[in-house]
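In what follows, subunit A forms one complex with subunit B and a second complex with subunit C.
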Partner chain A sequence: MAFVNLKNKLIQVKIVYYGPGRSGKTTNLEYIYRKFHQRIKSEMVTVKTHGDRTLFFDFLPFDIGVINGYQIKIQLYTVPGQVKYDATRRLVLRGADGIVFVADAMAVRRKMNIQSLQNLQENLASYKKNLRTTPWVLQYNKMDLRDNGIPMLPIEMLEQDLNQEFRRPYFPASALFGTNVAATLKKIILLTIASIRKELL
Partner chain B sequence: MSYTLDQKQLDRIEDILKTELIDNGVRCVFLIDMAGNIITNLDNGEKQHDIYSLAALAAGNFGAVSAMAKIIGENEFSLLFHKGKKENIHFNKISSEFLLITIFGNDISLGFLRMKVGESVEQLKGLLEPLGGDHI
Partner chain C sequence: MAKTPKFDTLDSELVNRLDDLFREDNLPVEAEKPKKSRNPPIAELKKIVLSIDWEITPQALESFLDQVRLLKGVYQADKVVIMFLQILGSLGQYIKSSRSKVHPSTFTLLNSVFARLEKIVSTPNMPEPAKRKLLQAEMAAYQQLREKISQRQAAASATPAPARAVPVEPAASASTAVTAQMLARAITELKEFIRSEMKALRQQMKIGAPR
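And then the complex of A and B:
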């Protein structure tokens, strides 16, 4: 639910990183925070458990500059990925303008990815939204583990499991090393802003 | 669904918040939506807060407390207020989509604050109604 402030010429956009537990949603935000530190005026907010797992959400606001005379403020959130935190996950998803689905490309995580995408669809439905009309992209994370001999899901299989129905843009990535983190972010920002523009015009 | 407020609407909202709250000693007031976006914020110039982080946490906090209320069979809790040594924070739901947050010191009583917030909310409801949400 983007808010357009005509007085200050400011648009606030909410982008949510969704996906199963330990897929690398927080790592994406941490990389963005390090990489674009000069542009980010405030600290990254994290609500974590003692075990360093996301309990509620991570939050990172930053400005991407002026488009058509409007300052665009992007607000990045992550949801807690663990199954038991569904109620808080649904709260964070509220008013999301765009979504990045971060899948874990390790072979052992296949089922978790599919369940998490299903959960995303259920939670979107509670806000009368769906994956057909909401801007979203997929990120297949942890690609760097391939070099360590860890069994990974082939891209074709990830696509078949998660994206066959939707055909959305996807990015093989390594959030830890920053591979395709910025590309993922750039794509979701472009898609989300295009969608908001279409909605408001 | 995205929404827009123009200069006239925002000026009117700020006028209400300034007259009812800032001029009566409130340090800082935010009008936010439940997604965590800031519609407007005013302060008395004494302190600068990280307003975007505050708004995100406030929306999350309010959502969490509302969910807790439903679990125990309450529609919602009528008072949501955190007391600190010097600063206090008060949340007031305007509708299902909007929330008014005030930060105030110990020089204002909670009762007085709640009365002024209540008066502000009544005035804000009319302005925000066209934007949707179930008003209470």
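And then the complex of A and C:
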């Protein structure tokens, strides 16, 4: 449940970008930071070790201002995608109000996407949550690679593998070039705030 | 459930705000990538603690409280670290609400609590009793500070207003009265806040204590 302070009229929302290693979670946050930095007026913190892999997490907090008398603060997190960092992933996932599942649309990553989604379900279950009740959206990333002749998974296949059971909103995207990055973010914020509002009623 | 007009307003307000924030037109992608830190998150907190020690700015205090919140998530499995962070959070809130009227011992305690927290975090093999000993010392110092603040507040409220030899402007007098009221309210809030924090800390000590 989001941090809600009724006295100070503050709602703090935690959104976690989840997905297999190298799927582009950090690239999503970097694009948001680099593109909208002037408007969101925030600093992104990235804790990295061992080359360029996220071993800890990225964190991008920002305010969206006062809506209906409530100050709404958003915190974006990414998790390390590599399988062996499950403990960190579970830790970052704790208290998540909304999730963006970033899948890698390259054909060779099909199995990893499916495994990562299963891992997400297991980790949510450890907090007595599930993908049926948690607000989440999918992003099928790296669509730009199609133009480079790299074998890609068709949207229908990605939908069948990852979204057939849930029918959640999905966005074909290129985080590197910013395609549908903002659309994904806007959608998850809307869904998450709608869900928090429902819980508060 | 049918939507009420109030919620429709909220929805449209939110959509408009998000559209404004994340509108892509004419906004270049900044060339520079975000700052990357190769330090553990505690190092970020250290930078902020040092900057608060240098100058108390609203921005530094906000960053401090944000970082404490973030670290609470990171170290949630470690009860001792969480308690250290709760003390830091309480001190941060107190500094934020009192600013220039902060008790001077607060900064000494802030630095000392952080130094011990840093020691614990950077010594992964530290035995649990040693960690608890450090925590107890800081909790005692926190309690002492709390008493000092209460004494100072009691002294301030007990002292009668001195007779003024020089007449003051009415406007200035009115503004002093408002400030005193505000101060009294702030003191009451602070007392309640510290009381609830101490209660929470004591409860967590009981929960975390070896059986």
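In this section, the second predicted complex is superposed on the first by the 197 of 201 C-alpha atoms of A that agree within 3 Å, B and C clash if a C-alpha of one lies under 4 Å from a C-alpha of the other, contacts with A are read in each partner's own complex, and residues count from 1 in each chain.
Just so it is clear, contacts are C-beta pairs under 8 Å (C-beta built on N, C-alpha and C of every residue); 3 or more make two chains touch, one makes a residue touch a chain.
Bear in mind that the values here come from a model prediction, so they are computed numbers and not experimental data.
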Using the overlay on subunit A, decide if subunit B and subunit C clash or can fit next to each other.
clash
Is A:Leu91 contacted by the first partner subunit B, the second partner subunit C, both or neither?
both
A:Thr46 in the overlay: touching subunit B, subunit C, both, or neither? Say first, second, both or neither.
second
Is A:Leu185 in contact with subunit B, with subunit C, with both, or with neither (first, second, both, neither)?
second
Figure out whether A:Glu199 sits in contact with subunit B (first) or subunit C (second), or with both, or with neither.
first
Considering only the touch criterion stated at the top, classify A:Val4 as touching first (subunit B), second (subunit C), both, or neither.
first
Greater subunit A contact set [subunit C / subunit B]
C
Of the partners subunit B and subunit C, which touch A:Phe36 in the superposed model: first, second, both, neither?
second
Looking at subunit A, which of its residues have contacts with both subunit B and subunit C?
43, 45, 47, 56, 59, 61, 91-92, 94-95
Interface residues, subunit A side, partner subunit C - complex:
29-40, 43-49, 56, 59-61, 64-65, 67-68, 91-92, 94-95, 178, 182, 185-186, 189-190, 193-194, 197
Which subunit C residues qualify as touching subunit A in the complex?
6-7, 9-11, 13-15, 17-22, 24, 27, 29-41, 44, 66, 70, 73-74, 76-77
Residues of subunit A touching subunit B in the complex:
1-7, 12, 14, 42-43, 45, 47, 56-57, 59, 61, 73, 75, 77, 87-88, 91-92, 94-97, 196, 199-200
Under the definition above, what is the set of subunit B residues touching subunit A in their complex?
1-7, 10-11, 33-39, 50, 52-53, 56-57, 59-60, 63-64, 67
